[in-house]
Structure formats: C-alpha cells, structure tokens
C-alpha cells in the first residue's frame, strides 16, 4: 500500500507546486471534455427525448443502436475520426487532425449515445405520467418534448454526468486523433498513459488522483447548483 | 500447461519476432511464453515487482541499473537491430543523400520540417536525443512547434507522423510491420550509431519465491544457443532480416545471493 | 369576465353537433365500449352516468380524441376530434399537475395555444378567482390538498374559455361549498354558450345540472334522454335500479 | 471513404471465416464483460437504491463521489488493480495478475459507479411516486428498496446497458491488468489497440465493427427479452 | 369472514384511545395544523369534516405517523404512531397502485407483515369479494377505472383486517351502489370492533356513518362532538354555515 501513499503525496506536491505544465494539461482536459459534453447534450437530450416520444418505423432499431453505441470502443471512434480528418480523408483539407478540435469531435461521438440513451429512458419514465395529460391539454409532440425535458431536468443531469465521466476519463480516442503532443494536445489521460508507459507508476497514479479530484470538483459544483435550483423550485 | 511470463517492449512485439520464436521454443521444451508488451520502463518494472519471470529490452543503461539493484541476476546480449529515419516521400529536408544520421537531423532542423519524437523516455527516444545532441541543436526549445513529442509507442508515433507528413525515427522492425504508411517512406538507414542492442535478463528468484527461474533460464539459454540464434537470423519481414544475433559474450552476471 | 370565442381562433374546426356512430373500443380482448351511437346537439349540460367501470371516462376520452375507436366514428360537426383543438378542453379524473406554481400551470396551457401574451394576466386571474385559488396562486401545484388540485384542474380547463368542456368527475374531491361554487361556474359557463359534457357519481348534482343524461353500463349505451325523463320515469330497469342506488347485477355480456 | 468499405468487407470476411483465434478473443471479451456487469449490478443496484432511499450523514459526499467515479480513468483503475494484484502487492499471492479474473476485477471497479449512480437516479424518481404509499402500507426501508428495484426493473436495464457498454469498450484497464497475452488475456479492445499500433488500421476497424456488432446483438437480445416481459406484465 | 385480531400479532403496541395534544404542523412557513387537541376513545366511526385545504388529510397522515409534528404529541394508547404497525391501516386520497395485478397488490400488503402464507388466499378472497373486485382480480391495477382503483385502495387497507382504519375520502370516486357497498362494509367493520376514522365531503354519508364528527377549518379544530349534536345544533357559526353548504369566508389567521 506504500505505492498509494507515495502517489498521494506526489499528487499533493504537484498540486501545491502549481506546475505550469500540469495546469496547461488540466486546462486542456477540461476544455475538451466540457465542450464535448455540452455539444453531446445539445444533440443527445433532444435526440433521446424524440426517441422516447415519437413513434416511427425503425425506431426500435435506432434505440438498440443507441444502447449498443454506449459501448463504442474509444479506439475505434478515434480511428474513424482519424480517417475522416486525416490529410487523405474527406475532411482532410480542414487540417483538424492532432488539434483539440479533433479531440472534441471524437469525444462527442463517444458520449452522445450515452447522453441520448439515458435521456430516452428518463423521458420515457416521465412520459408514463405526463403523456395523456399534456396531450389532453393540447400540447403537440415538439412542445411535449420540451416540457418533459424541462420537468425532468434534475434527473437528466445524471445522464450528462455519465457522459462527462466517459469523456474526461477516456484515452483511446483522444490519443489517436490528438496525438498526445506536448504543449498542444496532451490531456490528463494521455499524460497518465505516457507515465504508465515509462513505468513511472507513482506519477501516473498521482495524475490519476488529480484527474479524479477534478471530476469530483466539477460534479460537486454542478450538483450543488442543481440542489440549489431544486430547492428554489419546490 | 507450463508457461513463463516475458515482459518486453512493444517494438519487439510489433515486429512479429516473438510470435516466430516462441512456438519453436515451445516445441522443444513444452513451455509456453506469455508476452507482456509494454514500454521499456514498465517492462523492467514488471520484472522488479516479480510480475514477469524474464525481461527482454533494449536500453543498456537501464538494464545494468536493474542488475545492480539486484532485481535481475543474469543479463545476456541476444541480438541487435537498427533504427531508420522515415519521412514524407517528397523529403523536403533532403536527408536521403546524406551519410550520417546526425547530419540528417541537422537538415531537418534547418528547414524546421515537422518531426515526431516518441517523447516517452523509451530506449528509442533516448537514442534519438543522443543524435540531436550530436547536432548541437537544442531541440527542447522547438517542442510544441515543429518538434513534436508524441509521448507514445512506436506504432502510435508512426501513425502521427503519417497523419502530419512528418519525419520520425523508428526501429526497423516496427517500420517494416507498419501498414498505415501512405506517403511515409524510409529515407535513411545503416549508420552505426543507429544500432540497437537487445539484452535478456532473468528476474532474481531470491526476491520473489514464485518466479519460474528454471523455465525462464531455459528460455534465456535457448535464445542465446546456436539454435535460438539461428532462428533469430532466419526471421525475416518482407524479405529483410530484422534482427542480427550477437550472443557471443556475457555482459554482466551476478550469482543469486 | 367571460368572453368566449375571442381568445384563440376556434373557427377552423366546428364544435357541435357531436355525432357518435357505432363506437367500439376494445383493449386486450375486453370490449369496453360496445356499439355506442348518440348525437348531442344542444349547447347545455350533458351528464354521463353509470357504475364504476361502465366506460364513462373512456367515452369522454374518445370524444376528446384521446382514444382511437376500434370501430365506428366520432365527429364534432363532421370533424374528427384532435386533442390539440383549442375550442375544446378536457379534465381528467386523475389530473397530473406540472411541478411549478399554480399560476405557472395555467400559463403553460395558454402557451400551448396562440394566446396573446397581453391577455395572460386577465385570463389567469379570471380562472383563479372563479375556482377560488387566487390566494394560493404561487404555491407549488404538487403540494396542494386534494380539493385544491381538483380546483386547479378545472381552472386549467377553463382558462382558455373553450366552446366545449369535457369534465370527468370534476367535483369528486371538492367540499360542499367548493362543489357549489363549481356547479355555479358550470351553469354560468353553459349559459354563456359553452357546451358541458361531464361525468359524476353525485345523482343530486346530475339532477341539478343536467339537461340530458347518457346512461352507460358495461360499455353499452342503455339510455340517452332528458334529465327530467331519466329521473322521473327511466325506461330501463337498469337505470331505475341505478338511481335507487342498488347494485346492478345483470351481466350484459352473457 | 474507401477505408471504411475495405474495413467492412474485411470484417465480413473475418466473420465468415469463423477464424478460431477471433472466436477465442470474442468469447473472452463477452465472458469478462458480462461477468463484470453481473457483479457490478449485484453491487450497484442495491447500492444505488440505498443511496436514493436511506438518509445518513455523509450521503451527499458519497453521491458526489459516485457521480465523479463515473469518470474513473480506465488506466488509473488498471494501475490500482495492478498494484494490488502484483506479486509485490497485498494480494500478490493469489497470482491473479494477467488473468481474466484480474480483468473482471478492474472492469467491476470501473462500471459499478455507473450502474449505482444511474440506479440511484431512477429509484429517486420512482420514490417520488411510491414512497409515501409504501410507507403507509407498512413497508420498512429494506423492503421498500426491493419493491422499487422491482417496479423500475425495465428502466434500470438502461443503466446496466451503460455499464456493459463501458466494460466491453474499454481498453486501458484490461490492457494493464490483463497484459493482452495472446491466447490468454487478449480481448477485442486490446486486439484493436494492437492492430492500431501496427498501423493495420483496416484490420483494427474491422475488429471494431465486429465488436460493435456483438454489442448490438447482446443489447438487442436483452432488449427483446425486456420487451417481451414488459408486454407480459402490463 | 371477518376475524379481526387473528392475522398478525397486534398486541405489541396499543390502539385506542387516540390522544392528540397541542398538535402543530407547519410547512414552508405556513401553519397548516394549529394547536389541535382531541381524544378518541370509543370503537366506532369518527368522521373528519372541513373545507378543502382545512387540514383533514394532514391530520390523518399525522395519526398514521406519516407526518412528524412540529409541536405537540400524538399517542395511540400512549404509543407514538409508526406506519409499520399492522394493527392500523391507512388509505390515501390519491392511491399509488403497484404495476401488477389486483390480486398481487393485495398479496404485497400481506407480505409486508408476517402473515401466514396459508392465510393469503382466504384473506385476499374476502377483501376482493367485499369490495366487488373478484371479477377483475387478474387485471393490471394501473388500467383500472377510477372507481375500481379506489375499491382496490380500500381492499388493500382492509386485507389485513386491522384494529384501526384511517380512510381519506374512501368513496370520492365510487358510484352510488359502490358507495353504498363501502358504507355497509365500513359499518360491518366498525361493528366488529375496528375503529374507523375517515374524511368525506359527502355530508349525507357523514350523517349516515358517523358517531362523532371532527370539524376542521384552516388548520384549527373548530368542533369535536357527536354527529347528532353536530348536525342538529352545531355550536359554531362556521360549522352551521359549512353544513348549509355555504362558502366559509372568515379567515381565522387574521
């Protein structure tokens, strides 16, 4: 267990030193994953709600795909985005490969299914209660969707957390499309992978502890905001 | 079925050499060899912690330190391979014409053409830094500009070099087995400073009771025997011999205390 | 205060007469409404009576477009009902209130139809006042007492001041004075030209409010006649027993 | 886009050939991840329900930790499990390192927070409706937990899917504790990572397509079972 | 059929008398029950009356141990109420039914208390029969009509055959004959020694069933007296107005 206490003190030390290289990496991690989770929510929340509310041919298949896509392997997503963004790929002219933008794109692909699938289930459960009533009041499908998203907003947050967790923690996709380039596309997880490669497990663990602490801070902040809003609204 | 655990580097594993050697060894002894392919640093760490029975890596300084600290008890030279410099077909730095690796690096730095470094403290990375120091270029000052530290394994670094049309230095084995080449091509080879010695080290059974010392020694002995050496020489990729056996002398030994 | 027909455009699809023809609704192999045919023309109060499980709610739901018939048709002035029609409102026996204030629940209904924002305040105040909710307009709807929720349920249906209101047991949980208030409101609404179709288990209420009575039993229309005739000399023994408060044991399905 | 059609035909070819090496890898992937998801559910479902229903000092902190732990980096989890199972670690004597068991342990650590956090939210939402009624009927807290888990079982499945998705797709943890040993601990994701490293992007993508197809089949099977059961029960 | 006191061990905590002393309940700054003190001793039917929002449901909830008093005490034979007590059951104004069959809903209640498995069938059949649900015992509870749900709600409270039943508007959604059936059931239950405390908005029902009346208004206990006295010559003007069905405009808080 010595390893762990060493790692903890190392983590503490790194944080106290406020090492600028570390701050840069933390900043990029947060920037990439928060942007990705925002975009994924903008797509996934209405998508999930629509799949819960609209009946159309082939919906079952899309839902199954969505549930399965919660298990998209990061490396595969990374490869696909790589092929699309690479110089010889269809979007090669944009020159996005090995930039933070490419990392955001890959993470959006990874987590949109998670946000959408979890949103679908939450809206489906709420719909049980609300559907008939809203319909009787004259709400059209699109309005019903908005109303349900709003009424369940506190519950939906948990799905968004799950998406954020996946984004901030994954390494396979960002490594391939970002390249873990020092001072350019190195984020916490790729840095951890690098230290692990080097066999510096202590440093890798210390970085891991810092990453988890950051996740904890972000989630706690959002949770308290949610709690305050919830108290206010009831 | 009996087996030993061998920790080695990804570049060795990527080349396919071990997949070629192990069945031969198994055929002879009935012992399987399970390969954990990781970075040099972690390969040694696995041995230190007793998670591998035997280590096959290629960074002599670290290997000797490993023996010194008593983590390993017997190091033998096995073979060497070499590094090559690859880059875009157009070769903007014109390194194809030069004879010395350091010169090639200098040309790259002169036109500031993108260069991808492993940047992971691996044996390959250290060799690359040695070459940069020979050119007199302070390479760190360009980090994040044209000199890019990928902090990744050889394969991942080649993937990035391809994606960015950049130069990089690779061991020949990984390069030959690497498929995602597109515009990437071999531009420089065969300079003695690029040679790369491999050593095999037995993990100290005194430190870990469960270490399969006897079986591991069988493998080490076989690999350095005439039969093993011949097998290494026989292994080719795309018609080229990748590894050159040179197990004639023992570099360092220490009897179990 | 009541200015029916000025709030939203209600001209597009007609209202009365309501013509139901051979309506049949089945679920999971159970025939729940069986060949119901009836016509409602006059602009007053129609009350649907019948024992628990007779199909009263189902009939109202179908009339609001909430249940698709398995057979037969429902036409409001020759148009099929759609729940979105603003000229018709519906209240559930078991309402679901949004997790927001009483006032915001009413605002929500207005926002579903294109009502002028400037009319919101006056419409909401009118509905709150008429249902006795003005004092607790800012309380969260989900913590209201049973009777208060029911008042909000009615306010929500009335806030748009529609041409037709379908009310499923609107006073079941109201206190006597609350019931009286709602009955007076229903009368006023009806007098101003809004058609009321409602269910109730309070025979006294049916007596007080109804112009005509629809009597259902086990999914079948047993009688549809004027309230006077129904209560004085109902044609069927079933109806007479029902009025007398006796258990209806005849099984129509056998 | 040529890359993709090549990858598809390669995937098809691999499947048709029923390559025994591939089958072995697929089998191990499924065995490890399904076992992990079962264990994570056995822990995570009651844990999530308990956090939704029991009030105790420090619950807020545990919930925040759980939400943050949805973002546990696989590499870090891998390292921690490695240090514990390593010969020099506290459980070294068990000799579990580089075995499928080690991979299961690592995946359980990764996905239990996901299953628990999503369960908590679902039970919390249902509790709104049921709590008072069940209490009035005389249900004690432990019984209430069981009842709510049962009443929401169809919704909880989505959280379990999210866990399965994470498990079957992750590579960082299984690579470290499993070692990607051919014929012993190689699973789909580590095989994909290996081919990517070799630059054989076509084969990597083909394996990725097969992996996603397998996820799709598993999720579809469970979904149809759920659908049938749901129809039967309502 | 009724064999009260034999099902589960009810001896541990007493039942009557119910003694409420200075009970005060406030939520979000609103005083909802204000210094209510009363004692109920006799084993018959007590009915709580009052306008919507008076605090009737709150009082019953508190008596079942579902609301913790902010001040004052509630004692059943000197014991504080706990919802787990099997000797007392409670029905909500708005019941939540489990997503399973009618029968399974009753089984569930039995399983919450240690009832012998061999008694399940007879207890369930009795409860189904007495509430008129035998025919639809296998239907999913969530698709029942409003009245059927209410019958199940009552059956669920009765299946354990408890010593005390607290009923919040048990007949609000029942048809006349259903109401009559439940009223007769309540009478029988009471005669066999089960204490009934219930709320209703049906004054006729209160008249028919009650031995004594508790009259609440704005969270205050206005009268607690025998039914006879209450309906013939109530002491307070509030009560007389309430009985007359008039709106109670006095505001006690000012």
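By written order: A, B, C, D and E. Residues from 1 in each chain.
The working rule: a residue touches a chain if its C-beta (ideal position, glycine included) is under 8 Å from a C-beta of that chain, and two chains touch if they have at least 3 such contacts.
All values reported here derive from a predicted model rather than from experimental measurement.
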{"item": "Common touching chains of chain C and chain A", "value": "none"}
{"item": "Among all chain pairs, the one with the most C-beta contacts", "value": "A-D"}
{"item": "Interchain centroid distance [CA atoms averaged], chain B/chain D, Å", "value": "35"}
{"item": "Between chain C and chain D, centroid-to-centroid distance (C-alpha), Å", "value": "50"}
{"item": "Rounded Å distance between chain B and chain E, as computed from the means of their C-alpha atoms", "value": "82"}
{"item": "Per-residue multi-chain contacts in chain A, two or more chains", "value": "82, 129, 176, 193, 196, 201"}
{"item": "Multi-chain contact sites of chain B, meaning residues that touch two or more partners", "value": "153, 156, 159, 162"}
{"item": "Chain C, residues touching no fewer than two other chains", "value": "none"}
{"item": "Chains grouped in pairs wherever the two touch, ordered by label", "value": "A-B, A-C, A-D, B-D, C-E, D-E"}
{"item": "Of all residues in chain D, those that touch chain B in their complex", "value": "86-89, 92, 95, 97-98, 179-182, 184, 196-202"}
{"item": "List of chain A residues in touch with chain C within their complex", "value": "129-130, 132-133, 135-140, 143, 147, 151, 233-234"}
{"item": "Footprint of chain D on chain B - complex, ascending", "value": "5, 10, 14, 19, 34-37, 49-51, 153-156, 158-159, 162, 174, 177-181, 208, 210"}
{"item": "Of all residues in chain C, those that touch chain E in their complex", "value": "27, 50-54, 57, 93-94, 136, 143-148, 150-151, 168-169, 172-181, 201, 203, 242, 245-248"}
{"item": "Contact set on chain E toward chain D in their complex", "value": "64, 66, 83-86, 89-90, 92, 95-96, 98-100, 108-109, 112-113, 140, 142-143, 156"}
